[in-house]
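Two complexes, one shared chain (subunit A), two partners (subunit B, subunit C).
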Partner chain A sequence: MVANILINGAITGGIYALLALGFSLIFGVAKIINLAHTAFYMVAAYFIFTFAHLLGLSAPLSAIVSIIITTAIGVGTYKLVIERIREHETTVLMITIALALVFQEAMLLAFGSHFRSAPSFVSGHVELLGVSVTIQHILTFGVVLACLFGIWMLLSKSKLGIAIRAVAQDREIANLVGINVNTICLITMALAVALAAVAGAMVAPIFVIQPHMWMHPLIMVLAVVVLGGLGSLKGSFAAAFILGYTETLVVFLLPMGSFIKAAVALAVMVAVLLIRPEGLFGVAFEEERL
Partner chain B sequence: MRDYAWSLRKNFQGAILAVPGKAIAFFFLLLLFFVPLITSDPYILGILIFANIYAIYGASWDFLSGFTGQVNFGHAVFFGVGAYTAGLLNLKLGLPPVASIPIGALVAVLAGLIVGIPALRLRGHYLALVTLAFPIMLTGIVLAFPDVTGGELGVSGISPLSDSRVVTYYIALIVMIASALIMWKLTDARSTFVRTGVILHAIREDEITARASGINTTKYKLLAFCISGFFAGIAGGLGAHYLRIAGPSNLTLFFSFQPIIWTIFGGIATIYGPITGVYILYPLMEILRVIPRFRMLIFAFILIFVLLFMPEGLTRWFRDKIEVECPRCKLTNVATRQYCRACHAPLHLEQRLEQS
Partner chain C sequence: MRRGVVALLIVCLVAVALIPGCQPTSEGTIKIGVIGPMTFIQGEQHWYGAKMAADEINEAGGVVVGNVTMPIELVKIDSNEMLSVPDAATAMEKAITVDKVDFLVGGFRTEAVLPMQDIAMDHHKIFLGCGAADRVLCERVAEDYDKYKYWFRITPVNDALLGTICYLNLFNVINVVKDELGIEKPKVALLMEKAAIGDNLVGHSHHLVPAMNVELIEEAWRPSPTATDVTAELSAIKDSGAHIILTYFSGPAGIVYAKQWGELEIPAASVGINVEAQKSGFWDATGGKGNYDTSLNVYNPIEQTDKSIPFFNKFVEETGEFPTYTAGTYDALYILKDAIERAGTLDPDAIVTELENTDYHGAGGRMVFMSTETGVPHDITWGPGYVTGIGTQWRDGELLCVWPPVDGSWNGVVYEGTVAYELPPWVIDYWEAK
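Right after this comes the complex of A and B.
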């Protein structure tokens, strides 16, 4: 039981961290609240299913292809739709939710509302803390950690990462020192969608694939970024694991747990925010910083 | 008496008939009163009853988020509280709709206070994303106590508003018009009679300046949450009594987004915007039922195109086309006029250039 909770919580938390990281990135850099973010995660999962089951590609290859295609779709929607109305904040919210609906309905039309699953990348399982865990679960967790580490290195060490952080801190000054702000926004969007697609590819073999699978992660991602402090990557990371473990605990320990897991996780978030309104790692005077 | 009637008529001509936006709204509402005379098709009346109920719901979101700037992503919580309270009071205590709907609305005011208290500490994006949590938490509570709330099935068997559909239609219509007029008056920034309008605008534009000018922003923000909750609760109660069921479908994420969609589509911070949005989008969704598979897809595409080309919303875009404000006396004129109807100042730039 304890080991089960530990392992499942780590995987759920890792997936939330990966999704929240992309969401935080695009919010921090372009000030876009992209409610279609988890829709890309759903799209990527469906592409894996398509390539692996219908076209017969091998699982890792179909994962890579689906991540590339999803990223291209994400960049396309950003260029065609989101970038034009970026200044109107509430309009961005509505247009991204409409985009998520478009993706959901497109998947419903193409695949129906059946529950689907993708093949595992690797088979077999190992004993861990007395519980048998499939290697697929371990691989998922490993890839999540590798991605998080990679993004961390990119943002802190590379020239591109420094440019991204500069745009997030102050758009105008970044523009003045010669950073092409629009290109950086585009690259960040691509990066964010790619992260969502990786998350989608990683959960495709272990979760159920269905057109509504973006809703619950979206709520949790919003909770994670608010709890961690909007725009703070460290905060998103910590909050993702807090909420991931809360959810897993509720599911394992309470009767009817899977019905109220979101409610309990969100209650934790509201409780924390009542004590610290700017989130765990947020900056108190956000207006002044932006 | 005759003088009063004459001034009323003059006012009506000057303030409603001469302003195209108001004239259209007036004749549209007048038309709605005659709908049951034209058709008694229960299907059409049913759609319009829902449009009226959702118009209250949408306008109450606009009151809170459009005017006061407290963007609420969990508006369904007020609708749901109103619906569940009215339904349970009706079923368990046998209260008639006349009593259960107002009590439901008052409980929704309480919900407004509960949601509003964290809102005092949070602002902007934080507030928007935190309010999202409340309907989901309420869904959790509803599903955790299936004995009282009926769990996933909800409370059903609530008594109807009225046995006749035409009477139900008039109830919904009159409540909608009354609520819309009250909310419109409360948010009218030019009014000298109620000051809430200008205060709520001030809070949205700059809360710190508003507080510095001696406005108790805490009080007014809570007031906005309560009033908005009240009207959404009325909509919820009407919806529960009309549908005769109150279920967790009233608390879903999508149902929270509905009023936002209507409002942004129609024009934010207008009150009449969400009502226009509902009256266009809701019947459209019903028409699209002929192609059920493509319904949501078409809906989403229409939304995207309207938002791309009229980001300020439909009514504002349309108003800019048909109305022009006099540059001298700030009176609204029909766009086709050359000179202001009151002060005879030239209305359009070209004439002003010609004159000089």
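Right after this comes the complex of A and C.
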């Protein structure tokens, strides 16, 4: 049972981490709470379904094209809608949730409410420590690690990453030293949407594609980033695995209650926040963010 | 000035509403409201089934009411009940008061059908249920016959009987496991989503399953109806040493389950209720991983009556989908037509009397309504010689009927076209290697 919990918890946590990464990134840099984040994940999943099933492209090619198109839609949405109201946090919340609903209704109109599925990149399963795991789950976990490593390298080793961190720390000072804050925010938005699209591409073959598929992940993503500390990437990563392991523990230790696994995970979040309101890696005051 | 314009507008609207010519009228036609969640497959199938029957009846001349022949006019009513129960009540009210329908067929979720039923009964409108399974809908007829007598359930059989069919299917699989794997007392795990019918099935399972000379794993796994990943549950079931999984899934979690069960090659046969596995899209939705999943069902190209195969084939030809139980609106319209013709009038009380005398061989079996003595009057009768339900198994992209068993071991009932249940090959390999 221990091996089961270790492996299944890591896989669940990995999926949450991949979804939360982009959300946390755009909040950390542009202070945008993008409630349409998981809607982009849903849009990417539908594109994969379209390219793979309706146009007959291979699963990897469908995923690449979907990620590019979804990122373009995300950038367009940012330029047309979010950028203009970026400074008004409450308005951003309302507009992004409205955008998510628009995407949902658009998918409902285009594809109906039928449940769809995308092909796996690799089918089959392997035995790890006596536990059966699908190769798609392992691939997803690998992509999570690769994305995290890629983002860490970008932020810590590249000029663009330094500029992104500078904007995240103090937008005015960054502006004064010649960084184009608007461009950095746009690039970060593109990165965040691309990460959501990657998440969509990876989990589309695991989950069921349907117009309401963005809602539950949004709740979990919000829980992950709040628990980890808003805007903290390492916090989101740690929180994703805390919630993933909590859910898995509930399934194994309390089978009759497996339907409340998400609620138990959220209760853990509440308990942690009562002790540490700023989250695991959050800052109580903005000046502490370094 | 502004107030005056608003007042004038209101007066105009009221005047328009009161002019008889502006109201929809059912004069010369029999208006039947088809009510269901029309943006979901359940509602779509309500509509397809009703439309097929209405087209056939109209092509044959219509419904003979006394000395007059009247065509059927269908009205599509979106109850939106999957997303909002209050919307369903509003839709029913509109269907009766604005669209002026004479009869109603459809409904899906019990919690939405209950208020819809009340509204229809208040207006003395005959409502033929084609989706909600809860016994309470017919118990109401027993409790207050004068009010609820206009309600009849066409499909599915009530939830208690659904459970019975589910256990009969399980018994069939248990026998195969015992015979083919040589296991004297197989272990059965319950994997049932957290829903009212799932609660009932879990409760009944603790009494009924051990009586089948099997070992029931005490703890049931109860994922959410909207679960997106059940690998942890499946890992735990594999860990428990179960040979059979008895399932209940009413929605998308059923696709996730079947896909992951097949992909992980969980060494336990899967049988029970998986509503998604009744649909033609199941094979593609699971990427073929739902192979060997077995579920209770209603329609299949097998000879339940002489109408079953023609109905199934025509439905597939016209819609590209397999009919699921909400397509029972097809039989509902024919039952209603026959009752109207026997009554010779559109008077609802006279038609109720004739509906109670129904003995109709429909696509879903021989349909007779239960009497008041059963405690669930106007419910559809289940049993050998009546509607029985069936068990179907996916095999290499085909949905095959596997229950009632092909050897006639259930009261001698065998439908032509039925095949024997087959265990998934990975289950056989796993237990033979043990």
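We take it that the second predicted complex is superposed on the first by the 274 of 290 C-alpha atoms of A that agree within 3 Å, B and C clash if a C-alpha of one lies under 4 Å from a C-alpha of the other, contacts with A are read in each partner's own complex, and residues count from 1 in each chain.
The rule we apply is simple: contacts are C-beta pairs under 8 Å (C-beta built on N, C-alpha and C of every residue); 3 or more make two chains touch, one makes a residue touch a chain.
Computed from a prediction, not measured in an experiment: that's the story for all the values here.
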Subunit B versus subunit C as contact partner of A:Met256, first or second or both or neither:
both
For A:Thr248 in the superposed arrangement: first (subunit B), second (subunit C), both or neither? second
Once the shared chain is lined up, is A:Asn4 touching subunit B (first), subunit C (second), both, or neither of them? second
- [ ] Quick one: classify A:Val226 as touching subunit B (first), subunit C (second), both or neither.
- [x] first
Q.
Looking at A:Ser113, would you say it contacts subunit B, subunit C, both, or neither? Reply first, second, both or neither.
A. second
Both partners, subunit B and subunit C, contact subunit A at residues 108, 256, 259-260, 262
Subunit C partner, complex, touching residues on subunit A are 1, 4, 7-8, 11-12, 15, 53, 108, 112-117, 119-120, 123-125, 131-134, 136-137, 203, 205-208, 210, 213, 216-217, 247-248, 251-252, 255-262
Per the touch rule, the subunit A residues reaching subunit B in their complex are 27, 33, 81, 84-85, 88, 90-91, 93-95, 97-99, 101-102, 104-106, 108-109, 215, 218-219, 222-223, 225-226, 230, 256, 259-260, 262-264, 266-267, 269-270, 273-274, 277-279, 286-287
Subunit A partner, complex, touching residues on subunit C are 39-41, 82, 193-194, 219-229, 231-236, 238-239, 252, 255-256, 259-260, 263-266, 276, 281, 284-287, 289
Residue set of subunit B touching subunit A in the complex reads 65, 71, 118, 121-122, 124-126, 128-130, 132-133, 136-141, 143-144, 253, 257, 260-261, 264, 268, 293-294, 296-297, 299-301, 303-304, 307-308, 311-312
